[in-house]
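Below, subunit A partners subunit B and then partners subunit C, in two separate complexes.
Entry: the complex of A and B
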């Protein structure tokens, strides 16, 4: 994993950018340039990335995709209650006579917020603590590891239910709670990755040249240890989105008048035999979203893991 | 079909437990509900409490008591009028002291005659705090109730001094206050007479209750079912028109419904919500759906000055007119609710005080007029209104959202109406009874007896027990007092309606809808009806 990097550059910190530039000339590829090359040709990644891109645009500017708004207080007319899909209203209406398409489109935002915010928080918290534990070792490592195990022992959904029942439900609190419960995984991966890397020759070399701890950690250890973190982060993004839906379904995640696919599924599940379309569309949207992120994560893992090549 | 198989098995279990019929053949004659010729098989749930009349306040126990007991009066299942049953006459000159004379010839099914003492003993038993009877508050109007049922501490007496037996056919009742329509309450099962065996062999009686109604208990297995057979010696006028009723315990109404459709059961009351979509196809006109003695209202917190100050009655009326009851009962409740037109229930009947015109325009959906009324009166307090209810049961969340949408659509001022969902009923009740809510809240009221008094006095009389909005209006109180002193029942009801008209002006609560009772039955049954308590009138059912 690190041989090419050492060969290619005296300072491992410059590996990422230099390797990328050099590649075309002499085919001397780095981990990252190889990965990008690999991803570009991977249909799973391309489909997943396209879906993720669509989703990001939809959640950023839902008004481009639908005229209505679920926050328009006069949008729902009870006369339309549970009407089935038609040419004008592709997804039909829910029990309150609200357009299911409008609500499905607008609900994407909360799912994407939870997915991205949670993953970012998890990566930052878990990554930083993992780096610290792995690099310093000794007593700091022991304390941090035991501390992590406490959190690791709490199941994501159960813990989420416990904490959320005491908090106001919105996308931000849900993200926070999921991050609090999700970071130990990243911590462990980061820590083991650092432990793997810190006795490598280039680190020893850097130290011999008089580099400080901070410099070695940030410029040498981190760039080489981050790959598995990114992989796990990308895959678990989908998991966090479905966890949000589960919490909202149980009535303790995102709260009305905010909307979320989990909430929509929960509302529709009472009468899904009577009006299956109300349940179907948000459920499918949720599945596609989770699938898209997992596809991307999977493809990135394959690309970054040379053993699979 | 899985349900059907399962239920058939359950029906076998009943048969085995009762050791009455063989079950291998599947169908046991009669061609229908498995009950045999002339016997009605009906869905049942285990009664909550022992089958003591003064202890039963829910439908499942009520079903049995309605077959086993006849009281002084009985509510006509069609008109709701309280007709004399065992009572020959109930006389009073002051609406406070009543002399009750019994008819001749009534007896319990163990041949013990029904006497004045049978009633007095039963009522004293029901009132005594030591017997822990759920319905003891029904006797609280009688003089001496506080002695046998003190709010705290040991009772001072065993009997109420207001009950005096004059001779075997006559007893007198003294009430604490004037209450002209009190005789009309006597159709309630809590006032049933009890035989001596009830007191001498209580446990034995509970295993196989003995009463004075048109049916006898043939056998009773708790958790499985009860077989009732027609009492051939029944002296009353309303003899059973079938040869018996088999009550079968179901834990899931959906199973009972599937059994009805597949011909293993004759009668299901309370058709489950999941089946409502198919019920018209499955049963056609063998589906009964009619208002019960239950009304749902949105009560305003009039203890909060922002809702009670002068002029706010027009805002309250405007909110009422902004609610599209017809559409909500149709779409959200699938017509298991009936849009409210007054503060009582159609189950009372016109003679009992129900009026389809009393609330008038104030309960009719008119978004334009609603908007104008609210704006002219200065708008919603603080520009918004928040509805509160528990949301753990009864699709409360759905209808509150629909009501809010209806209000928001009518006013067109953005999301001014919002919903405050409370997780549990207990929590909601707490907030309600501690007067902490600042917006209209749900209140459901199930009347104890089909009497207009019961829909008005406990809810809107100053300081009344269930007046959670703290509505207080001297004119209303005065009219209720007058109505209670009026010795002529028809005049008393008119007085109560006059009082109700004050509610139209003041709108202390918005009538939303009446809750319906429902039942479905097999083709071989005719003359199936529900009474005011949503209990099937079994003795009138004919089996072909």
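Entry: the complex of A and C
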């Protein structure tokens, strides 16, 4: 057998066909394995992924990073109110005399929950309905699209304030509210992606070879249509985290005694000229978190959609 | 015996006696309802294919040859497509009257189709092995492992080198000819009784065309399948087809056994097609082309659809639609299988 070496060009098809077995290492790959390969070499992704990983660990087991607990009311002593950072207490104390470092570490969990739960809900709801609307078309599509537009018209913060006023304030309800207001975006992307893909020749071919509707939708259309949804989902994860902070800052998101960076910023803002460190640490934590998720999302977008480069 | 025979709610199911063609299309009409009006893509097409026989459907773009095939496969988009009347009898059962789910079971297992552009007809995100195996998993309920083994077997059968190593490759990693072989393998997977090949070699270069056609013909012989070969390439037809149906403006204008049509066409359009093949002995001369354009399907000319382009058109051609006349020799002996939809077929054939 001729062992033709091919230099990674997908268009070298004619050569490939004679080439026989290729090593796993230099095989040309699908969109997905190509994307993973790209990501591995992308520093933006690596930094972002590292930060995200740290964040996930911190929010899963905050007790590894701090001895204190924000839910221990005896830990806060008013005498310590607004004390500046020291070797013992890196981030200083807040107005109530609680350790800012402990609270910042523990607050990560709510942000991560909101980000992940909201993104999952939005992708599942928006993705499923978008797939249904795009594939079925006709009256189902019209009804779903109009229904979506109603939600699309509600501003995120305004709608969030309205709905949250009737719900207990914790990470789960905030996620739910953000998901209710956020799914139309994914719906639209999924729908248009399906519309683009459903007239492809391979869909017609699958039909001609006897595949049923469900199989065509799930096996042939979905894998080809899902890339843009993943991209938008990854990027909006960071956006949902900052939306939670905004709602909490306004006092309608996560409620005390729960903790959240938004709440901490809100508490600190009253005296921030006097004690900027109280405001600084949760704000920086929030920024880094959002940045990390957006970096990952951006890198995923670049990897999945080479046309944007 | 077959899936079709089990369907009890099909009107007038007939078992197919010997000699009945495998597929018989009768007076098929297909229209597309568009904003600009009704496009009549197929206007009363009838043809038949028997087991082991190859029918070549010849015609230029827009002649309705692909639409007829799509109607047989049941993959017309309806709406905007519509089949106002006609019958498609497959092994004695009218496919158009089958419930959707029964029709789906026929597709792939009894009738399969090969498409023109293999790259876009294969799903880019699945390996060829998965796509070939899918045939067995959908229709035969095989396990993933068995299906992959079958896929390798199929790839061997269509002569893809190192099939075992390549079963996990993606469509874009194959050359055009190899991809078309995979398309053929997919269509052949369940050993259907009828294959419709819609311009299977148009997207390939000339040397590969011959290989792919040979392969197709070989597999057809082995499995004794009926083959409908849709093409606009007269050269491809000559080698493999048994009989030819020439289509123009959604109708069949001439039918004939393959070799007779080359020597003695009975329709001016067929004559024009044959004359437009470049010939070595006419080197240096201007190439012949049929003047004018194919008819606008929204507004097909009255009478014979070919009349505006026909060099022999007379008044009757502009008023009366010619039926498909049985063609006879000058002395009246029958010429089996021959027909011409021309008012002046005698003059064309004998003149």
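Observations on the model:
Rule of thumb we're sticking to: the second predicted complex is superposed on the first by the 280 of 309 C-alpha atoms of A that agree within 3 Å, B and C clash if a C-alpha of one lies under 4 Å from a C-alpha of the other, contacts with A are read in each partner's own complex, and residues count from 1 in each chain.
Keep in mind that, in the parts below, a residue touches a chain if its C-beta (ideal position, glycine included) is under 8 Å from a C-beta of that chain, and two chains touch if they have at least 3 such contacts.
Model, not experiment: these values are computed from the prediction.
In the superposed pair of complexes, A:287 makes contact with neither subunit B nor subunit C. When the two structures are aligned on the shared chain, A:200 is found in touch with subunit C, with no touch to subunit B. By the document's definition of touching, neither partner reaches A:63: not subunit B, not subunit C.
Taking subunit B and subunit C in turn and counting the residues of subunit A each one touches, the greater count comes from C.
After overlaying the two complexes on the shared chain, residue contacts for A:97 are found with subunit B alone; subunit C is out of touch. Once chain A of one complex is fitted onto chain A of the other, the partner contacts of A:79 are limited to subunit B, with no touch recorded for subunit C. Those residues of subunit A whose C-beta lies close enough to touch subunit C in the complex are 1, 10, 13-18, 20-22, 27-32, 200-202, 204-212, 215, 219-220, 223-224. Taken in their complex, subunit B has these residues touching subunit A: 274, 277, 324, 327-328, 331-332, 395, 398, 401-402, 405-406, 408-409, 412, 414-419.
Contact residues on subunit A toward subunit B in their complex (touch as defined above): 71, 73-74, 76-79, 81-82, 95-97, 256-257, 270, 273-274.
Considering their complex, residues 73, 75, 104-109, 112-113, 115, 117, 120-127, 134-135, 138-139, 160-162, 165, 169-170, 172-179, 183, 186-187 of subunit C touch subunit A.
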